[in-house]
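Below: a set of structures, written as structure tokens.
What follows is subunit A paired twice: with subunit B in the first complex and subunit C in the second.
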Partner chain A sequence: MRSGFYKQTIAEHLALTDSWTQRAWIAVALAALATAPFVLDTYLLTLVTLMMITAVGGIGLNILTGWTGLISLGQTGFMVLGAYGYAIPVETWGWDPLAGFLLAGLVPAAASVLVGIPSLRLTGLYLAITTLASAFIVVHLVLEFPGLTNGASGIFVNRPTVLGWTVFTDQDLFRLVAIFLVLTILGALNLRRSRIGRAWFAIRDKDDAARVMGVDLRTYKLYAFVASSFVVGLSGALYGIFLSFVTVDGFPFLLSIEALAMLIVGGMGSIAGAVLGAVFLVGLPEVVSMVFSAFGDSARALLSTGAHEVKGVLYGLVIIGFLRLQPEGLMGLWRDAQRVWTLWPLRY
Partner chain B sequence: MSAPLLKLTGVTKRFGGLTAVNEVSTHVDAGEIVSIIGPNGAGKTTLFNMISGVLPPTEGRIELEGRDLARVAPHDYVRHGIGRTFQNLALFKHGTVVDNILVGRHWRMKTSLVEAVFHFGRPRREEIAARERAEEIIEFLEIETIRDKVVGTLSYGQQKRVELGRALATDPKLLLLDEIVAGMNQEETEDIARFILDIRDELGVSILMIEHDMHLVMDISDRVHALNFGATITEGRPAEVQAHPGVIEAYLGAKAAAARAEPAPLLKARAG
Partner chain C sequence: MNYLIELLVSGLAVGAVYGLIAMSFAIIFKATGLLNFAQGEMGMITAYVAFSIASATDGNPWLTAAGAIVFSVLFALAVERIVIRPMVDEPILARIMTTIGLAVIFRSGTMLVWDALPHDMGLAAGSALVDLGGVRVRGAQIGVVVALAVAVAAMLAFFRYSRFGIAMRAVASDDATARLMGVKTARVQQAAWGAAAVMSGIAGALFAIAWELSPSLYALGLKSFPATILGGLDSVVGSAFGGVVIGITENLVGGYLSPGLKEVAGFVIIIAILMVRPYGLFGEKRIERL
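And then the complex of A and B:
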């Protein structure tokens, strides 16, 4: 911890940033997002776009799992609901994409109340299994109502026109997704410093004490479900736009595992950790495929036919590795590094 | 005459075949400091759990200012003025001291989920007001130097003090303290004793405390209620209870005899 500067007013304690280094980092990140579309090639641009969409979903899950301590494997289901919540009104009914994005949040949020109410007394493994079941039910329902969802054939999704701005090129899509990411981060940071965020932390750390402080556990767990699935739904809609197509096949169950892995890798409960985790997990298969290519064509063939399985195994290894060696994730590593940096050559 | 602040009538708690609390009746008047004593397993914490809404009584009636608490939802007890600390630390361990104290302000605040996303206007003003109140409490308990520390990193005595702060932040009328000085050294205990008296005298909060530290009990209680095996042995002024044969037999034993032979006032300044 750095010493030597004191806060003078309460408002300073409330500020989201408290040092110039932090502000400098934010400026660098924003500048990088602004210039990336001009300098990155299509491959990298697409990759970073996917990282950002994944990060939005990770921040969403973090509200439920990282902050409130409720483990969920329902990510896939809420993403599917978000994607269809966007695609049906916008593509089938011709609604404005802004309304589509709103529904992409509201539909999964409403559904999460249905999942949340029967899960209120569950924690840990039981909750994980219940939420997993909900994801399967969602996929099943999509296939069951082809009149609305077009069944297994799915819905083609155009790039949207938002407030007169037509998202057309990959560069545009990158910018659209970047805007969503930045807004998501801001919203999540605000939640974190509010009474709502504190109530979630209180439930996670000591629910009995939280209740004695006046936190209604049922309401606040449902709030966590709602806020989380709203954001996850948005990432689902963005993913649909990214794929140009919304089908249940586009949202494999692996996404639920990936999202949880992201939080474990990045550092549970941290927004920056969710972003780092997304970068790491989306980037990892790319790095691995580069390595595989170096081993020649047969290795590459294995990767293209079994991409899914390879990813699954990779995620599994990464989760186990981090849980064993670095339970606080990349954010933990970063904090350790900072400490070493400020305190060096002292050990502690 | 107006109703006492807290009134228990025949309060009983059974866990299966075990009667942890058996027909306990007592009361706390506004401005009083009442202690509950009794050996391990006497049912003291169970009694607190019922008064604070953590557990429903099996039988009996708990009233606060004449209102039956049976119909009050567990998370609404705080709205009626009941604050408490826990025997085993129950802080939110990943939060800082300020964060923990702010959770005590939770029920006083109104910001909704949607408002919280924007942190603008009323939510912001409300947050600043809550933090100002938290600062007052931090100053009152003299924990300024640790205000931004994550509570998991603090010493036991410090964490207990933060718990006291969190309970105070709920603006209680009645504060329940469950063995707050257990595990503290002499100096820390004296600090807490001073805080308890100040909380009563300056903040006008009544106090019901479970305590094993007999010096503390004798020094600051207006009344003492002794329990054994869930049932009341006796209740009265500290000296009376201490001298009661049933109490000596059940709980104080040889230790009490020693303490009576050589009265050592804990708060020398106040004793003088």
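And then the complex of A and C:
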């Protein structure tokens, strides 16, 4: 009987998929994404679109936190940079949306170099503090340069025309976001199996050992930060298109917490985990509001006036609860289930 | 000239608030190696409880102060026991995330329990204007500077002369060895949480009296980070100094350059300090560079 799932050769470690079961799952997921716009109603379609945008951001943060072991609280800041990096050239200067998406990644990536160089040469939790600081600096910079950013009133964002394809309906937006999600996942998976990705894992697991193996810590941490900010910036641009409006208020600090919660819920360091976490966290307030409305009008009133606050409390409880009870996250639960399935009736 | 003095005086008062919260960060970091991201929120909750007590007792300052201090200690001990202690053997990443989770719960919970509107604390003594040689300040602003001075003196004496303070220094330098020497590490860490709660609670409540009570009070915690970093994360007294420096700098920047820059001046300072002197002015040079 099989006692576990072991990879024995380098080739197995480098393969994108490791079994036919996995390939079948991927095919199912792709088919679901392709058929969803025809099947789902507007409410569900919007919800799933939001889940996918959140997942793109989660995968971006996962590069930094899950793979390299660095905490960032600057998700909001990089999303704002990405959103304005897209909105200003496309809407104000009339550039092509593709160039806008490129800038949406490049602007946060450049900012992350500025923040990263002073903070990444320190060990410990300094990146959490500097990214927190940078999130606030970004918001104030946006408000300080109204000539470029239109200040507090923000920029209206049209749905883009990409390579002749005009994204107009909610179904089109869903497809656009789905394409970005798939591309992000592919890109992240390929980064993970590269030399850089393996260096990140080495740093996360033991930085001294990684250094002995010839990994230059500062350089590779900076790579992780830049790659992560690029992806997070893309999710910011998508979120701006989703809201059809880019303002500072559209990107509350809670987004940073949401992104971290997503990784904890899904399971650190796994892309499937980040996606699961996004589904869980975006879905959670909806489920809670359904439960609340079953309790009658007073509960519903509380939820409508304090939706943002209820969400905050939920995120906090989810973070602490998962860290305490299920530190491996939903992916850990899934792995446990697989183990039980294979080994039953034995326990190990 | 008068403008400059006014900026300096109100900067000193804000700086004292930052200093008290920064001391709370530092004492918890010293005793437990953990940066408590929920410290500003805990100060805010104490301020709100003080507000509730003040409304219930028609603004009796003594009852309010006593009630708020007792509450802040009990609250911190409960949080430490229920949420923080069980995570003690987890990786540092998980422990920090726990405090971040707490911060969100407190911040949002405060808005649900009380409301999102600004309030007046209703303590006449604290908000009365006092004339100090031509500069008019509120009583609570003087109070917070005095509180900072008292806290610094108390901390200096505590770490120098008290057995418990020496035990805390032992835990800070090596908790395993300290435990082998018979120091009750858990007790020391509880004391650190309690002391931090009192300091940040006083800071939060006095800030609410002198300016206003609103849910944006939690930002005091964020704005005290620069103070702790400047003073040194593990230097309790240094953090107090850092707070005063940051408060005055912020006010001067706001007064002479631009009000928007005032909000971010501290955060720019963080990044600058980390480039030049990452262990702060008074911290130990233990922090490793790569």
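Note that the second predicted complex is superposed on the first by the 329 of 348 C-alpha atoms of A that agree within 3 Å, B and C clash if a C-alpha of one lies under 4 Å from a C-alpha of the other, contacts with A are read in each partner's own complex, and residues count from 1 in each chain.
The rule we apply is simple: a contact is a pair of C-beta atoms (placed from the backbone, for glycine too) under 8 Å apart; a residue touches a chain by one contact, two chains touch by 3 or more.
In this text, all values refer to a predicted model and were calculated from it rather than measured experimentally.
Asks: If we overlay the two complexes on their shared chain A, which of subunit B and subunit C does A:249 touch? Say first, second, both or neither.
Replies: After superposing on A, A:249 lies clear of both subunit B and subunit C.
Asks: Looking at A:269 after the superposition, I want to know if it touches subunit B, subunit C, both of them or none. Which is it: first, second, both, neither?
Replies: first
Asks: A:208 in the overlay: touching subunit B, subunit C, both, or neither? Say first, second, both or neither.
Replies: In the superposition, A:208 touches subunit B alone.
Asks: Which partner does A:121 reach: the first (subunit B), the second (subunit C), both, or neither?
Replies: second
Asks: Is A:217 touching anything from subunit B or subunit C once the two structures are fitted on A? First, second, both or neither.
Replies: both
Asks: Could you say whether A:133 touches subunit B, subunit C, both of them, or neither, answering first, second, both or neither?
Replies: A:133 sits against subunit C, while subunit B stays out of touch.
Asks: Where on subunit A do the contacts with subunit B and the contacts with subunit C coincide?
Replies: Shared contact residues on subunit A (touching subunit B in one complex, subunit C in the other): 217.
Asks: Which positions of subunit A touch subunit C when the two form their complex?
Replies: Counting only subunit A, the residues touching subunit C are 65, 69, 71, 73, 115, 118-126, 128-130, 132-134, 136-137, 140-141, 143-144, 217-218, 254, 257, 260-261, 264, 302, 306, 308-313, 315-320, 323-324, 327.
Asks: Could you please specify the touching residues of subunit A with respect to subunit B in the complex?
Replies: Checking each residue of subunit A against subunit B gives 10-11, 13-14, 187, 190-191, 193-199, 201-202, 204-206, 208-217, 223, 226-227, 269.
Asks: Going by the contact rule set out above, which residues of subunit C touch subunit A in the complex?
Replies: It comes out as residues 35, 83, 86-87, 90, 92-94, 96-98, 100-105, 107-109, 111-112, 222, 225-226, 229, 258, 260-261, 263-264, 266-268, 270-271, 274-275, 278, 287-290.
Asks: Can you tell me which positions in subunit B touch subunit A when the two form their complex?
Replies: On the subunit B side, the touching residues are 52-54, 73-79, 83-84, 86, 90-95, 98-99, 102-107, 109, 111, 113, 116-119, 123-124, 127-128, 130-132, 135, 166, 170.
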